[in-house]
Every structure is written in C-alpha cells, then in structure tokens.
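The following pair of complexes shares a single chain, subunit A, combined with subunit B in the former and subunit C in the latter.
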Partner chain A sequence: MTIEANDPALSIASEKPTSLRPILEWIARRAEPVVIALAAILIGLALFSLFILAVGKSPVTLFQLMYTGGFGSWFSVQNSLSRAAPLLLTALCVALPARLGLVIIGGEGAVVLGGVAAAAMALPLAGTAPVFLTLILMAIAAMAVGGIWIGLAGFLRHYRGVNETISSLLLSYIAIALMNQFVEGMLRDPASLNKPSTRPLPAEYMLGKIPGMDVHWGLVIGILACIVSWIVMEATSYGFAARIAGGNVRAAQIQGLPVGKLIAGFTALAGSFAGLAGMIEVAAVQGSANASLAAGYGYTGILVAFLARHNPLAIIPVAILLGGIDASGGLIQRRMGLPDATVLVLQGTLFIVILFCETFYGRFKIFNPDLWKRSL
Partner chain B sequence: MTKLLSMNRRNFLQASAAGALAGAMPGLIGSPAAAQTALTVGFIYVGPKDDYGYNQAHAEGAAVVKALPGVTLVEEENVPETVDVQKTMESMINLDGATLLFPTSFGYFDPHMLAMAAKYPDIQFRHCGGLWQEGKNPANTGSYFGYIFQGQYLNGIAAGHATKSKKIGFVAAKPIPQVLQNINAFLLGARTVDPGITCQVIFTGEWSLAVKEAEATNALVDQGADVITCHVDSPKVVVETAAGRGAFVCGYHANQSPLAPEKYLTGAEWAWGNVYSGFVKKAQAGEKLGNFVRGGLKDGFVKMSTLGPAVSAEGRKAFEVTQAEMMKGGFSVFKGPLKDNKGDTVVAADKSYAEDAIELESMNYLVEGVVGSTA
Partner chain C sequence: MEETGIGIWGVPLAIFAGAIRVSTPFIFVSLGETITERSGRINLGLEGTLVFGAMTAYAVAVMTGSPTLGVLAAMMAGAVFGLIHGWICKFPKVNDIAIGIAMMQFGLGMAFFLGKSFIQPVAPKLPSIPLGGWSSTPQIQAALNINVLFFIGAALALFLFWAFKNTRIGLILRVVGDSTDAARAMGVHPDRVRLLATAAGGSLAAIGGAYLSLYYPGSWNEGISSGQGLMAVALVIFARWNPIGCFLAALLFGGAGALGPALQSVGVTQGYYLFYAAPYVLTLVILIATSSPTRSLAGAPGALSLTK
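Moving on, here comes the complex of A and B:
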C-alpha cells in the first residue's frame, strides 16, 4: 500500500516520539480485529434495534434485559458461562480446519458419537474402576470417535476430492441415526422406558462443578483446549504448515509440505474436540447418552468459530458472548413476550454483519503497522 | 420492564392486602382471599408454543392459568433438554420469583428437573410424563399425565367408520410405551367397526422431523391408507399432507381441525388447562399439590375434538356410545385375548386392563393387525 505524504494519519505518526513507535506498531497490529469486530457487533445491534422497533417493542428495554439476563448478576454470569462451555469445543471443530481452508460444519455428529462412545466406555467401568481413570478413558474414547468422524471428512476431501462441507454435514446425520440406533438398541438401559438412554453414570462418577461456581468443569477444559489450539496454530511448525496450506494448497505442495497428513491430522484434532464436548455433556450434564445430545451445539459452534475469525483465543470471548445472548433470550421471551426466534434474528444479524465487515480488513491505514514503524 | 414491575407491585399489594385482612379477621376471610394469593408460575416448552401439537397443548393450558386471579405467568419456548433448561428454571426462580414450575417436556425430568429440585427445595416442580417415584424422587417434585390412548381409541372408531380401503395409517416418532399404546388403541378402536381393518405404522425416529413426517404420510397414502393419525410433537405436517392427498385425518395433542376442516374426523387432545388450574389453585390455597397425578377422559385430562363434517351418522353414534362408556371410568381398551403382530399372546383371555393399569406402562408390542415393527 502506498502512503501519500499528506495523509493525516501519517502526520500524526510522525509527530510521535521514536521510542513510542514500537508500542504503537504493536497496538496497531492487534487493534484491527478488535476494533472491526466491536464495530461489527455495534452495527449488528443497531440493525437489530430497527427490527425490534418494527415489531413495536423497545430496543432499550431489550438491551437492558440482555444485560440483566446475560451478565447482570453472578447468577447470570454463571448462566452464560454454562451455556458457553460446550460451544468452546464445538467452535474449535470448525476453527481448526478453517485455518487449512476447510469448511467443516458437521461437528454435531462428532458431539453425539463422542457422547455415545463415552457412555459405552463407562458401562463396564462405572462402579468398579477408579473415578479419574474412568473419566479419562471416557474422554479418550469420545475423542477417538469424534476424531475419526471428522477426520473422515478431511480424508475424503484430500484423497477422494469430496467436498468436506457437504460430507461433514451428511456424516452428522448418519451420526445422529447411529446414536439413536445404539441408544434405542444395544446400549439401552431397559429401565428407560419412554426416553431411551444408556445406563446412567453413578453420581460419584460425574464430572462436578468448578469450586465456588455453578458451572461444570467443561468450561475449564474448553478454555484449555482453546489455548492449546492457539499455541499449536501460532507457535508450532505444524500450525505454520497448516496455515500455509490454508493460504495456498499448491504453494504448500510445491514447498513439499505433507498437505494430506495436515488435513487428516487437523480435521481429526478438530473432531476430537467435538467428541470431547459430547463426553462432557454425558459426564457433566446428562449422566447418560440419549437423544438430548443432539442439542445443536455443533451448529452453534459454526457461528462462534466464524465470529471469532477462526482464532482459537477469540473463540473464548465470542462463546461467552453467545452464551450470554442465549441466557438472556429466555428473559426476553418472558418479560417482553417476544418469541424465541428473536434471538435467532439477533444471531443471524450479527453473523451477516461480521462476515460483511471482514471486507474492511486492510482498508484502514490507521491499522497499518508500517505506518507507525516508518521513521521520517 | 416497567409493565412487569407494576404488575409485580400490583400483585404484591393484592397479596399484602389479602394477608393483612386475613391476619386481622381470621374468622371472616377464608378460602376466597386465599385464592387471590400472588403466585408466579413458570412454563417451559421444548418446542414452539404454536406448533399445533404437544407444546401448543401445554401453552393453551398455561393460558388458562394466566387468566386466574393473582397469577403471573412466565413462559419460555424452544428450550433444549440440556443445561439450558436447568438454567431456565433457575432464571425463572431467581429473576422472576417463580415458585411453581412446569417443565413440560419428557426429557426435562432426569437429570435436569431433579437437579434443580435438590438445589431449590422450597420451589415446587411438576413434570409432564409420569416418572415420579415415591421414595426415590424429592417431595417438592411430582408428575402428571393423562391416558390419552383413550382418545386414540375413539379416533380409531371414527377412522373405522370412515375408511373404505380398510387400511389406516399411523405416523409415529419412537417405539416407546406411550406411543405404542396410542398405535394399538387406534387400531383396536377401528377394529370394533370392522375386524378386518389393518393399520400401517411408520416410525420417523425423532419427535420433530417435518420432512420425514411428510414422507411417511405420503408413503402411507401410497400404500392405500385412507385415514391417517400420528404421534409426533407437531401433527401439523401430517395433517396437512394427508388432507392434501385426500385422506381423512384424526388429530393428536391439540385441535388441528383448522388445518383440514373437511378431512378432520376428530382428535385426541390434551386438556391441560384443567390440570394446571387444579395445581395452581391448590398452590394458592396452600394445599399439597400431589406428587403423582393422572387422569383420562373422565377426569378432564384428555378431551376429543368436535366431530368433523365427514363423520357419518353411524360413526357419530358409535363414537358417542363408547365415549359415554369411557366417561364412567374403568373402560378396558386392552382386553384379552389379545395377540401381538408376531402371533404371541400379550393379554391373556381372562385379563383386561383399565386405563390406569400399571401393565400398560411398559408396553413393548404392536397388536395383531398393526403392520410394522418396534425394532
């Protein structure tokens, strides 16, 4: 980008003392995604206000309720965090393959199969094996199954040229059918008459709450998974290679990068996170595997990942924000008499505006680090 | 917000006035004042409130409660059977001051409602589905359910008179006892008209899966069925598809006659308004709510849609005679000798089960004449 000498931003930059420049450069580099994302959210909320006005309700009341319901009290914060916990992992299932240029939308399938695998693993162990060992084995089983499921979509993409978006979505339907087959067949607890489920985990085998909070450990596991994923993506050669392959597959192949293995590996890792989300649903919430596992976490994860621009660290605040919107959705229904679809309209509006605002990256000179680096 | 605050204040004033009066004149103020006691009641639905089905039936019941004096109603729809419903219950308790909660979906009971009941022992929880067990589940929880298969039996009588092909069809969600009761009752009702009638059943595998429900309905009509009913959360798709293909329909859960006025014979509807106002009036009067509440046609838990124009005079007569029998209570839809569709005897010749028979709760068979399989 060429910078005109009479650019006002440039003159501001040149007035700053040289010692400040590295700091300003650092800020400029990182401010761009934050400012654009926040601006997009504000524009989205403004558009949504128009919608609320159009149906004859007060946007001010609505935003007050959103704050009260999502973040206004310790109870509301915990409510939002509980709802965010599974989204952290299902968002990673979308974000990691996205860095390789793949659009995986079938995380739901890995969640439900992960849950079934965890419940099946627990059946022979619960009551006899130590609690910690049982939980670890449940997690391994869930991650293995979830990894294979999404890894399959990656494998088909690279080796058979099958579109991974379609295949992962179709695989998720197969997964839900398989879950129903297992839960209503082989793995069914005969005592679960009208709601077919696997045999419930004994209470002492459940993954408990975080001390001092009414939120289960899934939140901590999810945050750790996001941090680990970020480190893998940003600070390891595998992550670097994946990003190269995501930028330009041909270039990566010419460089001799193992694109096939990268795709299979990262889709499998992504799927294992979604599978882990299924295990946490079973071990921390449901106590058994049943049709409630297909609650749409896999699909909401797509939204979270896109809003976070597939940055694993950004997934954390975005998931909490969406958890908060979800938590406040109930209050909006109850107090304003608006239907549940209101929250979907808000989510959809935010999604479209944020995707639209992607086009603004690199358009504002103020965020150009070179501008601040240049000594004049 | 303002509206809600003023609402609360009004209720609060009413309540405190009633309390003060009752305190001042204990002899004069009896139950009428108690019936005015402010009470916030929460209803939670798993799907949309206007689904022409399961959730609408509950929402119509909630609307009856809303009209009672002193009641503030809070409702939330589309709440999944996950941690979401736990938090919704807590939110109703903490932010709205609800003291009586009706989580209406079957899957809300274990572990979600039980977890909240343990955490909030002063709040009353009543769950639709009949899972509550004495000694095992806490005293502040309970179940209510209705013998709606009685309604499907009456549907069957109307269907038996309407069918020309002697083939009727049933679109079902899952092969669980409650659904199997309905399928079997529907065929048994039809067979009172003509023992040669058969009923084809198709299981979709999910409670709410519009595309599969439409496919199943079309498949049933293609195979010659000319009266269709269903047990899925929202019968809207089945009713509209069947009527569109020229078949008669019997409704389920709520009244679907507006969707197909010409083709709608009758329907098995929930009458939750009676059940909910019973609970709420007891709660306002400070009486025990009861932990295990059940009933059928006789008890006003279940009702029939008004018979449609397509029902013949003969059909109407048979329907009304049996309905009158059922209203007396103790009518046995399931009585021996009864075989399942594999040829095994499921009810011995000397047995008969009234609507409240415990044996019906674990039904795992399809009776002779039903074409389909539970597995």
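Moving on, here comes the complex of A and C:
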C-alpha cells in the first residue's frame, strides 16, 4: 500500500477547505470500526451458513428462527435483554483490562464467586434486614470478591510477571471448584436434593423487574456500568493514564504514571463488574447460588468485548445482539433438530473472523482522510 | 476384609497410578505446545483442539471399530486446527493469544455440535500393556496396566529433546523462535515454519484428547476435558520449553490431579472439590514461583509474545 500524502499540514495548506470536508472526515474516522465490524459479522455469518449447509440444514430457516427467537416479538426481545444483562458486565471484565493491554479471560470465575458471596451475604440478612439494604450488601460482597479475584490476576501480572490470560483462567477453574465446595458443603440448603444450592432468597428480596417490562433491573445496572466505565476511560485522568499504559508501558513509566496501581485498580474494577453479574444472577434469576452460575456468561463476555473493540459504549448493542443469539438457541434446537452447541459454533466462527479482520484496520484509504485526494 | 487390605498404602499407589494415567494428555499437549512456542508463537486454543480431537477419535473409533484409526483421525483434525491458527496469525495486527481464545471456543463448539450423536455408543478402547503380572495384588496390577500412548509420549519427549539440539529442523525452529529477522537473513520463511509448528502442535494435542476419550476416562461427553489443554500451556512455561521437563511436569500434574480420587477411594470425602482444584492451584503457584517481572524467562524463545 502506498502512502501518497501523509502530511496533513501539507494537504490542508494547499487546498481550499470546503464546508463538507470536516464532516466527511469526522464520519470517515468513526466509520472504520463500524464498517469493519459489520463486514466481519457478515463474513462470519456466511461461513457459518456454509457449515449449516454442509450438515444438510437451511441457513435461511436458521437465521429466520434466530431473528424470531431473539428479536421477533416483544416476548423474545425481553428475553434477549434479560440475557444481555450479565453479558454487559462480563464484557466490561474483559474490556477494561484490555485498554491496559491485558487479556483477561477469567470473568466466569468472578461471576461464580460473586454469586456465592452474594448468596452467603443474604443468608443471615434475609427475613430480618430491610430489602434494599440486603441487596446493597449482597452487591458489595459480590463486587469485593470479584474484584479481588480478577485484581489478583492483574496484581500477579505486574508484580510477578505472571501471564494474566493463563492465571485468570486458572483462577476461574479454582473459583468453580470453590463454588462446588461451598454449595455442596457448608452453604448447602438441606432441602435442595437434586441440585445442590444455597438456601433460596425469599421472594420479596429478589431484584425485581423494570416497570412495564419482563426484564429484571440487572439490565439497567449493566447499562449504567457501561456508561460509567466509558466516562472513567474517556473523561478522567485515570482512564487517560490507563490508555497510555496500554499503548506503551515504558512511556507510561517514564512519565511517572503508577502503572502497577493502574493495572491492579482497573483489573479489580473489571472483576467487581463480573462479580456483580453473579450477584444479579442470584438475586434476579436463580434465587440461590448453584452450579447454574457457571453458565458461560464469562466466556460469551469475551466475545462481546472483542466485538465491541473494548469500547464500553459499543458493548451495549453488541451484548444485546449476542443475548438475542443466545436466546434463540432453544428455538433452533426444537424446530430444526440442531444441537444446542449450534450457538457456540456461530460464536466461535464470529470470534475468529472478527479477530482476523483486525488486520484490515488502516488498510483502506477511505477511512483515513489524511490520504484522501485533494480534489474532494 | 478382602483385597482392599493394602490400607493406607493405597493412597500413594493410587497417586502413582493416577499420575501415569492422568499425565498422558498433559504430556502430548505440552510437547505440542513446546513445538509451537519454540517457533515463537503461542497457541492458547489447544483446549479446543484437545476436545475436538477427543470427539474425532471417539467418533472414528465407533464407526470403524479401530481405536488406532481414531487416533490418526484426531491427529489430522488437530493439524487442521493448527493450520487455521497458524494461517490467521501470519497476518499483521492479529493477536495470537486472542486467536487462541477464539479457536478454543470454536473447537469446543464444533466438538459438541458434531459429537452430540456419539455420546451414547461405546467405542473400543486403546490397548494397554499389563506390567503388573508379577504381583498378586489387584491394585498393583491395575496401577501397572499402562497405556501404550504413555510410552509413546515418553519416547517423543526424549526424541524432541534430541531433535531440537541435533537436527536441521530443530535448529530452524529455534532460530525462527528466537529471532524473526535472523531467520529471514538465513533464508527461512518464519511464517511457514510457524504454520507447520502450530499444525504439529495441534496434532499432538489432539492425541491427548484421543487418550481421554479412548482410554481414560474412556468415554465421550461434553465435560471430557477439565482444562488440560490450558494447564499444559502453563506447564510448558514451568518446564522452560524443555521436552523432558514437560514430561516430568506432566507426571507432577497427573499426581496432583489424582490426589482427590485417591483420597476418596480410601474414604476421605471431606473437601473433595478442593482436592479437585489441586492441579489448578499447583499450576498457579508454579507460575508465580517461576515468573519474574524484571527479566524475561530463562530459556524462553525470543519472539514469543507470551513473555513480553
């Protein structure tokens, strides 16, 4: 690829700026991630269609069912939104460390332990303490445990040089073992026979629904968390410092930025969001902590974060889209006789294609106004 | 009181037997990852390759009645996964760690999708060699009933140790892993070497999966792997990219994995799930003990993104 005029000062000086040009430049610079992400999704869907054709089913029917199951009716939209709620939080668990250059994939462990911590906190309080106070304390306990869990991976990365991707995933396996130990051991409700669980939360202590919708408050909490994360990242000195450290650690250290504290702080914040997702699963969906906490929200969150290119605001639409795909899984299974892993195959295909398409950034002149011809 | 009478000695014996039984997949996955990482690339997706290999081996063994064909089919499938990973990673701006995570999800999804119909049927098992014929104690006989793949893995570790040092291919692999520029100066195509190294790593990891589904535990289901593919990546760091070190570390991990079932067999059921977590805790502790924030790891391939 040849670079024709990469000196912006030159091109601006030698032309008459038209009134349209700044707007076009603004659009072009922001269009690149959107266009490439949409193209990646289309390529991914095309490859997935080939796979579905190869196993002798109709991709058209599949996509129709996916739309019906995810967004076809008010009922399915609400279902998708409910599933998007934990994904918003687990995606933040990947996206925030990613801005510091860390690949954290152990969100599942923070979800699971957050759920256990919330359930344990609720046990002595339920029935005696006020509802609102109980929920707040549950959230605090879940966020603290989740924050410690993922913060540990960040801490080990900076102070011991341990690869955070591997350590966070190991921590998540340990977390699932711990949950099993707690749920089948000291926290087990003797009444839960087939599926060991903690004592169920009384109905009046459950996190309710958003008025007028069949969607729990977790969605609002998730969206707020995304907005807050975006503000922290884009409009505070901490976020600015984190982005510098993510771009070039040496430069950040030379500038005197507290890289270690930034890494520990942002990974802990990320983990606390995933822990909160666990609390929401307990308080709004399950009613108790049990093995259903490890439902894979942590892993789908990785895909959401990478699709959103670790932009907290972009996480919101992507999480709703993937929540919809998730929600349609059951319908595809029933109507087409395809295994429930169909959704996993689609997610894996999309994930690979999206990462592959990273290579196209900066390759197209149309997205880079500095390379535009002067005649425009 | 019958043959259960070896009492407390049952625990170390069960750990020994378990170490050999449980370690075999670790041996293959870690040797495969060593080849890949020695070429300067990391494949975190071996967990997916392992599970897909387990499914392929089981399915082919069910259909043909031959476990050997099952292992060969798994190797081919694993090589294909490695080729996909290696091909995508050669493009600029593509992160090999992230691609590994995506390949892991893709491999798991494909294995569960295609393997759905093979959960019921029973596949023939891989043969094992009974070395315990001299003993009359059934536990010792069972413990020394060792699968052929364990010996193949041990031999492969020795061979790779020799080959990395003494063969042309081994030298090329190490040059590519230590310095992309030096390799180019020698007239070697780094991307091509890495592509083949990742394919070789994938096919070895798939053998580990075949062992899981065709010998121990010897069935195919969606919970067949408990993260062996991922722990093996950590194990390679611990073993300092040395094949013989990988073999010994795999035995250690196997022993840790056998701790829970061994204690359970003598009636210790308290904290069963905590013992289940022992291999993960061990991996993490070893990683913490052997990593350093200031210097790059001794013996690490220079071009490896993992240690930067």
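Here are some notes:
Keep this in mind: the second predicted complex is superposed on the first by the 351 of 376 C-alpha atoms of A that agree within 3 Å, B and C clash if a C-alpha of one lies under 4 Å from a C-alpha of the other, contacts with A are read in each partner's own complex, and residues count from 1 in each chain.
Assume a residue touches a chain if its C-beta (ideal position, glycine included) is under 8 Å from a C-beta of that chain, and two chains touch if they have at least 3 such contacts.
Treat the numbers as computed from the prediction; the structure is a model and nothing was measured.
Steric overlap between subunit B and subunit C is present once the structures are superposed on subunit A. When the shared chain is aligned, subunit B comes close enough to touch A:L193, but subunit C does not. In the superposition on chain A, A:L355 makes contact with subunit C only, while subunit B stays out of contact range. Contact with subunit C, but none with subunit B, is seen for A:V345 once the two complexes are overlaid on the shared chain. By the touch criterion stated above, A:F155 is placed in contact with neither subunit B nor subunit C. With both structures placed on the common chain, the touch criterion links A:I166 to subunit C but leaves subunit B unconnected. Of the two partner chains placed around the shared chain by superposition, neither subunit B nor subunit C is touched by A:F367. Contacts of A:F273 after superposition: neither subunit B nor subunit C is touched.
By the touch criterion defined above, A:E184 reaches both subunit B and subunit C. In the superposition on chain A, contact of A:W217 is made with neither subunit B nor subunit C. In the overlay built on chain A, none of the stretches 117-125, 153-161, 189-197 or 279-287 of subunit C clash with subunit B except 117-125. Shared interface residues of subunit A (contacting subunit B in one complex, subunit C in the other): 177, 180, 184-185, 339-340.
Interface residues of subunit A facing subunit C in the complex, by the touch rule stated above, are 103, 105, 156, 158-163, 165-167, 169-171, 173-174, 177-178, 180-181, 184-185, 299, 302-303, 306, 338-349, 351-352, 354-356, 358-359, 361-362.
By the touch criterion stated above, subunit A contacts subunit B in their complex at residues 61, 64-65, 68-69, 73, 75-76, 79, 82-83, 85, 177, 180, 184-185, 193-196, 200, 216, 281, 285-287, 290-292, 295-296, 326-327, 330-331, 333-335, 339-340. Interface residues of subunit C facing subunit A in the complex, by the touch rule stated above, are 44, 84, 88, 91-95, 97-99, 101-103, 105-110, 112-113, 116, 226-227, 230-231, 233-234, 237, 271-274, 276-277, 280-281, 283-284, 287-288, 291-294, 306-307.
Listing the residues of subunit B that touch subunit A in their complex gives 1, 4, 48-49, 74-84, 86-88, 90-92, 94-96, 106-107, 110-111, 129, 131, 174-178, 205-206, 361-362, 375.
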